[in-house]
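In the two assemblies presented below, subunit A is common to both, partnered first by subunit B and then by subunit C.
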Partner chain A sequence: MSSGAKRGLGWALGALLLIVLGWWGWQRFRPYAFHGTVLQSAEPAPDFTLMSADGPVSLSDFRGRIVMLYFGYTFCPDVCPTTLFEVQKTMELLGEDADQVQLIMISVDPLRDTPERLKEYVQYFHPSFIGVTGSEDEIAQVATQYGIYYEKHEGTPATGYLVDHTATLTVVDRKGYVKLIFPYGTPAEDMAADLKYLIEH
Partner chain B sequence: MTRRNLWIGLAVAVLAALSLTACQKAQGPQIEITDAWGRPSPKVATAGAFYMTIRNTGTEDDALIGADSDACGVVELHESFKTPEGAMGMRPVQGGKIVIPAGETVELKMGGLHIMCIDKQVDFTPGTKVRLVLHFEKSGDIPLEVEIRQPMK
Partner chain C sequence: MNAYRWVVRGVYGFFGVLILAVVAFKVFQPVQVLPRVRLGPGFILVDQNGAPLTNEDLRGKVVLYSFFYTRCPGDCYGVIPTLQYVQAQAPAALGDIPFRIVLISLDPEHDTPERLRAYAERVGAQPDRWVLATQPDPQRLRMLIGSGFNMYYDPQPDGSIRFAPRYVLVDGWGIVRGEYKYETLTSTEERIVRHLGVLAEEIRNSQGSAKLAYEAAHFFLCYAP
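Let's turn to the complex of A and B:
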């Protein structure tokens, strides 16, 4: 082999090594891209205390764990169960890490949803899920603080009134800051990946 | 009547009957329902939902105007949708019916059109089979059995 050819080979190998190293470094150190919408909260998430069938529940009870807040109502037969089923699957995907995540469903129908009713409803999806409610004023205050829109409108004689509501999931990190929003329809795989990252970092 | 005339008469009758059924098939709506399922829900949830694919292979539009089931106090046709505020809402379907245009397929699915079972009379546990009768504007009643199962992706 001529010295020119040898040098050429050396360059080629060097370039290849650089590419491989660069790729490894990028994979290893690139910033994690969340699937959910990331929020940079300057203030901790507003604390609240609402009533569950097993007593009062405050957001601050769960400092050190990740909390997912969902605003919904038990009469809702389509959107709410679709979302809660997706969170159930997320918990399954998280495996052992699932105990680091607490779902709290806050009723936007305090007139019809009792704490007992909410408990039976949410635990159908996962035994760890908690359902809370309060007075109309208390619910309105919490919803406003979290930017949740909800409004009653007339249904049919059989349904009674129905409630339009923001159907996102709000993720509060372990330090108590709102970190992520999962829009309606976010797949369980995406939510599990984001939550796993938050648990590990 | 000769034997031959009898045969000809029979042939004509058969042909007439065939063309008549062919005409009936070619005209009017033709409804096919596939993938009917119901979502499992806790006893305390008074409302449940059924989903399915409705196809009209006929030449005329039809519409689903209602349904009945022994498993439900009342059955209504509803639709989930995104409100202008970005929230999710649910309403009875507009005009009280779901139009199934000729040659088209309409999907009743999660987060969209669904058949709502209000005041459930039985537990919607996976594996349960529920009898449902769909009422169509032109095709009349179509009975079917709907299985309660977990949503599939």
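Let's turn to the complex of A and C:
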């Protein structure tokens, strides 16, 4: 082989290698595109301690696991069950990884939702789910800090009063920072994919 | 062997270019963003028309919050001229991205919707851009301002209220993207308007491959000054 041909071969190999490496690097290190809204906050999520049927529950109890916060109430006619069924499906999709994720439902109806009633309600969806409540002031404070609006309004005699509320799911990462927000109606497949990524990275 | 040497050079070259690209991105910051500070607060207020205003109503809109009370002397420590400037400049900075100024009264006992409406007219608040509101329950207002906006205010016996002017910029996802509480070298109003432009660029590029550059800017903390 002449030296010119060798040099040509060298260039070609080098270029090929660059392309292959580049492609591999892109596949390996490209940023994951979350389905939920990303909030890479520099501040830890506000901690709270509220009451469950099995005693007080704090957000900080779950460092090392991923926490999904959901604000709802047990008399909720459609939005809450729909969302909780979707989280139930998410847990099924996660399979063995499901024990890395803890759903906490925080009541926005502390007058009617007792810890016992909440427990019965959330465990209907998944045995690991926790339901918590507190005084009206405590709930108002936590809801304010997590960007949740809620307001009582008239229902029918059959339902009693209803509570309008923000229906998002808030994902707190293992270190206790708010990482993602899932808007109402996010499919279980999308939530499971995002959570799986958080569990693996 | 010659080919082997080229392979080694190729590998060095690849990582060299990669590292240079990262350093260049960080140093020259071709893309700048506003930090995602925290979740903006949840609330229900009553506006100058007596209608409820919640953070859910403002979802999808860029919102600048600030605080005042109608008996606040003069231009209320500069809050009013700052907001007048932002109101005038926002359309140029944001284009067709929906925007609201929400000016929250810290004096709910005195500031009824009628008083808020009169004040809005006096300062030239355009109803489709600038809303005045308050939370009629003083205790819930205190909670919203304190734990929602992390701001302190101190009502005095004579009816005046001590507070330091503050502006909070929240995006359409309800995430705080800017807090303006101290004077900097550039004036606050110019800084806010410039930040509206930065936010608008990110919102316009929140789809497809351009999004990656913006996520990289978040990752490398390329924050607009």
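Operating definition for what follows: the second predicted complex is superposed on the first by the 176 of 201 C-alpha atoms of A that agree within 3 Å, B and C clash if a C-alpha of one lies under 4 Å from a C-alpha of the other, contacts with A are read in each partner's own complex, and residues count from 1 in each chain.
Note that contacts are C-beta pairs under 8 Å (C-beta built on N, C-alpha and C of every residue); 3 or more make two chains touch, one makes a residue touch a chain.
Everything quoted here is computed from the prediction, not taken from an experiment.
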For A:22, is the partner it touches subunit B (first), subunit C (second), both, or none of the two (neither)?
-> second
Just subunit B (first), just subunit C (second), both, or neither: which does A:150 touch? both
**Message:** Quick one: is A:85 in contact with subunit B, with subunit C, with both, or with neither? Answer first, second, both or neither.
**Reply:** first
On the A-aligned overlay, A:166 touches which partner chain: subunit B = first, subunit C = second, or both, or neither?
both
Exercise. Answer with first, second, both or neither: which of subunit B and subunit C does A:141 touch in the superposed model?
Key: second
Max touched-residue count on subunit A (subunit B vs subunit C) belongs to chain C
Intersected contact list for subunit A, partners subunit B and subunit C 149-151, 166
The residues of subunit A that touch subunit B in their complex are 74-79, 81-82, 85, 117, 120-121, 123-124, 149-151, 153, 155-156, 158-159, 162, 164-167, 184-185, 187
Seen from subunit B, its contact residues with subunit A in the complex are 39, 41-49, 73-74, 76, 78, 80, 83, 85-92, 110-111, 114, 116-119, 150-151, 153
Note: in the complex, subunit C contacts subunit A through residues 2-3, 5-7, 9-11, 13-14, 18, 35-44, 52, 54-56, 139-140, 143-144, 147-148, 173-175, 211-212, 215-216, 218-219
In the complex, the residues of subunit A that touch subunit C are 6-7, 9-11, 13-15, 17-18, 21-22, 25, 30-31, 33, 37-43, 46, 137, 140-141, 143-151, 166, 170, 178, 181
